[in-house]
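Going in written order, the chains are labelled A, B, C and D, and every chain counts its residues from 1.
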Amino acid sequence: MSQMSPASEKSRTSQMSRSGQKDRTALLDVRGLTTRFATERGPVTAVDGISFAMEPGEIIGIVGESGCGKSVMSQSIIRLLDYTDHVSYEGEVWLSGEELLRLSPSRMRKVRGNRVSMVFQDPLTSLDPLYPIGDQIAESLRQHRRLSRKEAQARALELLRMTGIPSPEQRIKEYPHQLSGGMQQRVMIAIALACEPQLLIADEPTTALDVTIQAQILELIVELNRRLGMGVLFITHDLGVVSEICTSVKVMYLGQIVEEMTTARLFANPLHPYTQGLIRSIPRLDGDRRRKLHVIEGTVPSLADRPEGCKFVTRCPYADAKCRSEEPPLETAEEGHRLKCWYYREIRSGAREATQYGE
Amino acid sequence: MLAYLAKRLLSLVPVLLVITIATFMLIHIMPGGPAAAILGLEATQSDTDALNEAMGFDRPIAEQYINWIGGLFRGDLGDSLFLHQPVGQAISEHLGPTFSLAVVAEVIALLLAIPLGILAAYKRDSALDQLVRSLSLVGMAVPGFLLALFLMLFVGVRLHWLPIAGYAPLADGVWAHYRYLILPGISLGTIQAALIMRMTRSSMLEVLHLNFIKTVRSKGLRESKVLLKHALRNAFIPILTVIGQTFGTLVTGAVIIETIFNIPGIGQLVINSIERRDYTVIQGVVLTVTLLYVLINLIVDLLYGAVDPRVRLDRK
Amino acid sequence: MRKKWRSGLGLSAAAVLAFTVACSNGNNNNGGSNASGSASPANSSTASQPAAASYKDSLKIAVTAQPPTLDSATTASALALDIAGNIFETLFTLNGNYEPTPVLAESYEKSEDGLTYTIKLRQGVKFHNGKELTSDDVVASMNRWLATSSRAKTLLEEANFSASDATTVVLKLAKPNPDVLVLLSAQAAFPAIFPKEVIEAAPAEGITDYIGTGPYKLAEWKQDQYIHLVRNDDYASPEGEPSGFAGKKEAATPNIYYYFVPDNATRVAGVKSGEYDVADSIPTENFEELSADSNVALSSYPGGTLTAFLNSSEGAFKNEKLRQAAVAALNDEDILLASFANPDLYKLDPGFMNPDQTQWASTAGSEYYNQNDQEKAKQLLKDAGYNGEKIVLLTTPDYSEMYAATLVIQEELKQVGFNVEVLSSDFATFLKTKDEHSKWNLMVTSNGYQLIPPQLLAVTQSWVGLDDAQVKASVATISSEADPAAAKAEWDKLQGYLYEQAYSAVIGHYNEVVATSKKVEGFSQFVGPVLWNAKVAK
Amino acid sequence: MVENIHDQSQLDRLGQLGRKLRREQRLLSCFRLRTNYDLLIGAAVLGALIVLAFIGPLLSPYDPLEMKVLDRLKPPSAAHWLGTDEFGRDLLTRVLHGARLSLGIGITVTLLTSLLGLIIGVYAAFYKPLDHILMRICDGLIAFPGILLAIALMATLGASASNVIIALTIVFTPSIARTIRSTALVVREQPYIEAIRAQGATNARIIWLHIAPNALSPLLVQAAFVFAEAILSEAALSFLGAGIPAPAPSWGNILQASKSVISKAWWMVTFPGIALVLSVLSLNMLGDGLRDFLDPRSKRKGKGSRRVRRVAP
């Protein structure tokens, strides 16, 4: 705990100094969000002072390896973790001018599924196996819109149709295990869209699906985003997906946003060593088959032993003593492109050579 | 469905055969005979012999067994040697009190165990959870008859709140009926409660970690709905299994609890019948109880389908 | 919890048998409900009650077990006979002085040679099915009784009833028997009068069509729960002051429920709470508790003896010195206290017969009674050359007093050097083992009083295999002796001999306790509870 | 991550890794033991009870059978710490001797049941025709209401401590046999058993050297529960009067006697009752703890199910 707090304090103050007052127009404005879990061996920081804002209708991608805190961050926004773990939040999450972290549990429930919805990674396990899908879609309508059973079912049918499920009249009575993975994910999306939310958080919605289905689902999300004008926070580890649909990207590592920029710049000009590593590890159809696929050395350290200084230090080929002792601030490299790295200028200019990995 | 039932019933045949033969042999090598209870201490050997002959106990055991099985196929369990009524009638008259007792015990067990089990799982490692875990551990270690004695001592003898024993049929009024069943119900229900509580807790814990719980919560449902409508139903199959098992052991438990609290149920009937060497009743009760046990298991199996559509479809 | 067969089912069957052969001299026992002079039920207070008092329409009595049958001729169960006594009647019955008194009979004549009794029936008596009682019914019932009841078979051999006209029956005996009316009146396996058709249709296992002439009819028998009797509105009562089983029967309460409550604690709690108006066989452990209860009246009456029987036919106790050693070791006071819990509920007395019964009460052999002499016992053991052979005490936990007594005796015998083991089993097994004399050496049973010494189990060979010429001769003398004083002298000698030989030894005399609610009036206790004149104030 | 496995330094690293893993494994199992409170508490309480059962009677100045009828039903006092029973016997002494009896019967039943269950289980798993016969008999005996079976057996055999052991062994063996059989069936299908067979091992050798040892850890867990159930069942049988005959100071006997004096002598219910609960509780905890220790995966699956049948309600 104690070793964590200076870092988060730092990032928080830097964020404060950057934008003095809250942005009234923003759909979502996250400021210095920090999420900690109490564990048997003390508190663990999973999200460390994250700040970003998104406008209505925007699709923002969050990328990073598994374990980097993407899911925790997204679930922190709608406080899904309240129930499962001993969790504490710091910072602020503003949704259209309302601060979520300080809402009472009952007010918070009125936000969930209503103004903000979520779609999860594995559709089969994310649906309750014991209820027909129609009921599961109708459930949030009955909860938030106070619809009668009949009205809710009618609306559910409409939603199913909108998500493009074939013969929805028949499917509506079926159980999750009777549907294919793609259809299940469409059902998940129908559930999420039931109350026409302002914000959809999609947590790796395509990871568990076949490639062809993936494309269909992505298309659906983009189409619905356009039609309904909702913001989409798209969490993925797949940079290819990001490039297809997102307007801008945040790269996360160990609970922090280490780099954020527009999608175009992501591929053209990644500055953070971690982002560079991610991009180089994408297999390319047009690439040289004989070239070995790049792998980022090492693995993501566990949250319990996050390094001091720069969080990427254990795997960064450019790291030095300064990286190990001091955490770099989130600096603006260019308009709309910020990152956390002491040496990104040197790396960009080629002045800094990659050293041996680790020590 | 029917085929499934038929298969289940057929698989029962060898089990029943083993049980009935074992019962038959066991009771016929028990020393003493029905004459003791019927004729009393003064009976002469010739009186006893005459009685045994009249009842057909002088014939070989195998022949008696075959006659009895033959009777079964005609739906005839024989006549009680002591009660002067058909065994079927004796059993059905005694099933009522046992059924009432079992229901009270199970209701007490479920009312206690399911909510506490759910809360313990929900507030895992909290003080409540610790309490629930300790309760279920102690609950499993206190045998029903001991609990019955303690309840008699404190609630009946010291506090005079409830009658310490006895029974009144439902016809005498609802309170008259149930006030006799509360202490026996608690005595019998506690162990069931402990077992069900333990299972509810662990099964809920497992379900609460599943993904769809997050989905349900992300819809903004109230926690009560999350827990009861979604988590509990998903956690219910193992709980149901334990409930089925405990319902089965309720009959066994009733044997002791009914004798302690003097409830004229099937347990008391069989204990009395063993003492009276009322062979036909013993056979009838053992058969009935076994069938009941199987029936309960069958009902539980069918309930699985009602709880979980996947089970239903798999069977088609 | 444990099903207790009231002594009635088995052992107190003996209590009932006491009356099979009764003594006609009425002075031997006052026999009433207050025989012991202890706490009394309110049977005499009926008259003083204000006429306007209102009474409940049912009386509930808690008894210890379900009777095996109500067919009196086939059973020795006291409980069965108590209940059946409300439904059925006999030609004669015993009054409070144990004297035969007519019930269904009106009068009788005895022939000169004592072989023929001509009995005139009371007229206007109807069965519960509406049929009028005739001599045919009596003849059928009595002849069945002569054929089925093992008492009648042995005591009235080749006797026979016939009808001389519609209201007269004739009993012919093979040889004279001065006690024949007492036999006809005794409660044990009493000769109930059924309609002839019921007798003719009777299956071998016994009658289940319970149609009698008594003040109550059987309304319902709920197996293992209760027997419900309702008042017989057409009942034609005999006249006379109620006394024992005789005299006027009013059927004062419209409904009587006999609840089968094997659990002692339940009977006790039930009578305290007013759930039951009468509770039978109050366990001695609860005596004090109930005495202190202002709502409950306790009546205790002499129940019988707790007796140790030594198996002289086989095993270690064939040796009289060993038997004497065992008897010498007994501390009867401890045994009785352990068995009956309260000194008010037992009495130390060496007699095998009821100490209140002047004809037979005897203290012969008292030097062998309650000796508690360990030195003597050890000496006798040494003299007998006891080699540590195992002594087996036979008992059953189904009778708590016998069980407790046996455990104390085991300890006492151990103290003097016997190697003792208890063989304990459920009642059915106990009965079977009792007849296998090689399996046990000593047994304690509680036995109801007998009315004459020859009926004592202590002198009955089939009981524990006692085979002694002198005992047999004495019994024969007592049975045939016309002079009461001479018979008594012979009995003194016999009782002394039983003690001296240590064939059996009385440990003490116990009281039976019945608890009634103080609201019960007109209840009396004779051989069992007499309920037909009892009523319960609201 | 590792590109060239033949690199010597890599191999060294792997070896180090392996050693480290093994050490961690050991540490982990120590840790599991240290944090396995069920196992520790259960074992401690049970151990204390066993010590009391063996030493207690030696220290008591009273004889468990000696009657002082004049001292009957005396409440706890300096002379009689737990009071006296209905024959004036010292209750503490009887409860301590009762511990010997109950634990003794429990252990004997457990050993017999385990041995018989193991033999029946492994042979049933190995020989198909035998399996059918044995398992039908086991099914029958399991479906037979346990307490009735025990009571009927006791009525037939006669009341004595050794008959209690026989009756309870008959009651409990089938479920142990079933557990062992299901484990053995899994082991039997393992490829290595096939390999051993191919090398010409005899059936007996396969059964006793390869299959039986694998069944030991479930057996150990079950044994703890059988122990607990045996103690309970003995008490229940004695309580019903169908167990150990008096005057033996079994807990069930004391409890049975206590029932008729329940309004006068609370101590006769309370103290043997506590002794009974403590011993069953400690065995249950021991069983749970053993299972967590021997099969950590089961913890995640929940502790809900126990295979041993309950005889006493």
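Before moving on, here are some points about what is shown:
Definition applied: a contact is a pair of C-beta atoms (placed from the backbone, for glycine too) under 8 Å apart; a residue touches a chain by one contact, two chains touch by 3 or more.
Source: prediction; values computed, not measured.
Comparing chain C-alpha centroids with the centroid of the full set of protein C-alpha atoms picks out B as the closest. Interface comparison, B-D versus C-D: the higher count of C-beta contacts falls to B-D. When chain centres are defined as mean Cα coordinates, C lies farthest from subunit A.
Distance between chain centres (mean CA atoms), subunit B to subunit D: 24 Å. Averaging C-alpha coordinates per chain places the centre of subunit A 92 Å away from that of subunit C.
One inter-chain figure worth recording: subunit C and subunit D are separated by 50 Å, centre to centre, where each centre is the mean of the chain's CA atoms. For the pair subunit A and subunit D, the distance between mean C-alpha positions equals 53 Å. In subunit C, the residues that reach two or more other chains under the touch definition are 1-2, 265, 398, 425-426, 429.
Touching two or more other chains at once are residues 30-31, 145, 152, 256, 259-260, 271, 274 of subunit B. The touching residues of subunit D, counted against subunit C in their complex, run 65-67, 69-70, 72, 86-87, 155, 158-159, 239-242, 245-247, 256, 259-264.
Of all residues in subunit A, only 75, 78, 80, 83-84, 109-114, 117-118, 120-122, 125-131, 139-140, 143-144, 175, 177-178, 188, 191-192 touch subunit B in the complex they form.
Residue ranges of subunit C in contact with subunit D, taken from their complex: 1-2, 264-265, 283, 285-286, 289, 334-335, 337-338, 341, 397-398, 400, 403-404, 407-408, 410-411, 414, 422-426, 429. The residues of subunit B lying in touch with subunit D in their complex are 14-19, 22-23, 26-27, 29-31, 137-138, 140-146, 149-150, 152-153, 157, 187-188, 191, 195, 198-199, 201-203, 205-206, 238, 241-242, 249-257, 259-260, 270-271, 274, 282, 285-286, 289-290, 293-294.
On subunit D, the positions that touch subunit B within their shared complex are 136-137, 139-141, 143-148, 151-153, 155-156, 158, 228, 232, 235-236, 239-240, 255, 258-259, 262-263, 266, 269-270, 273, 276-278, 280-281, 284-285, 300-305, 309-313.
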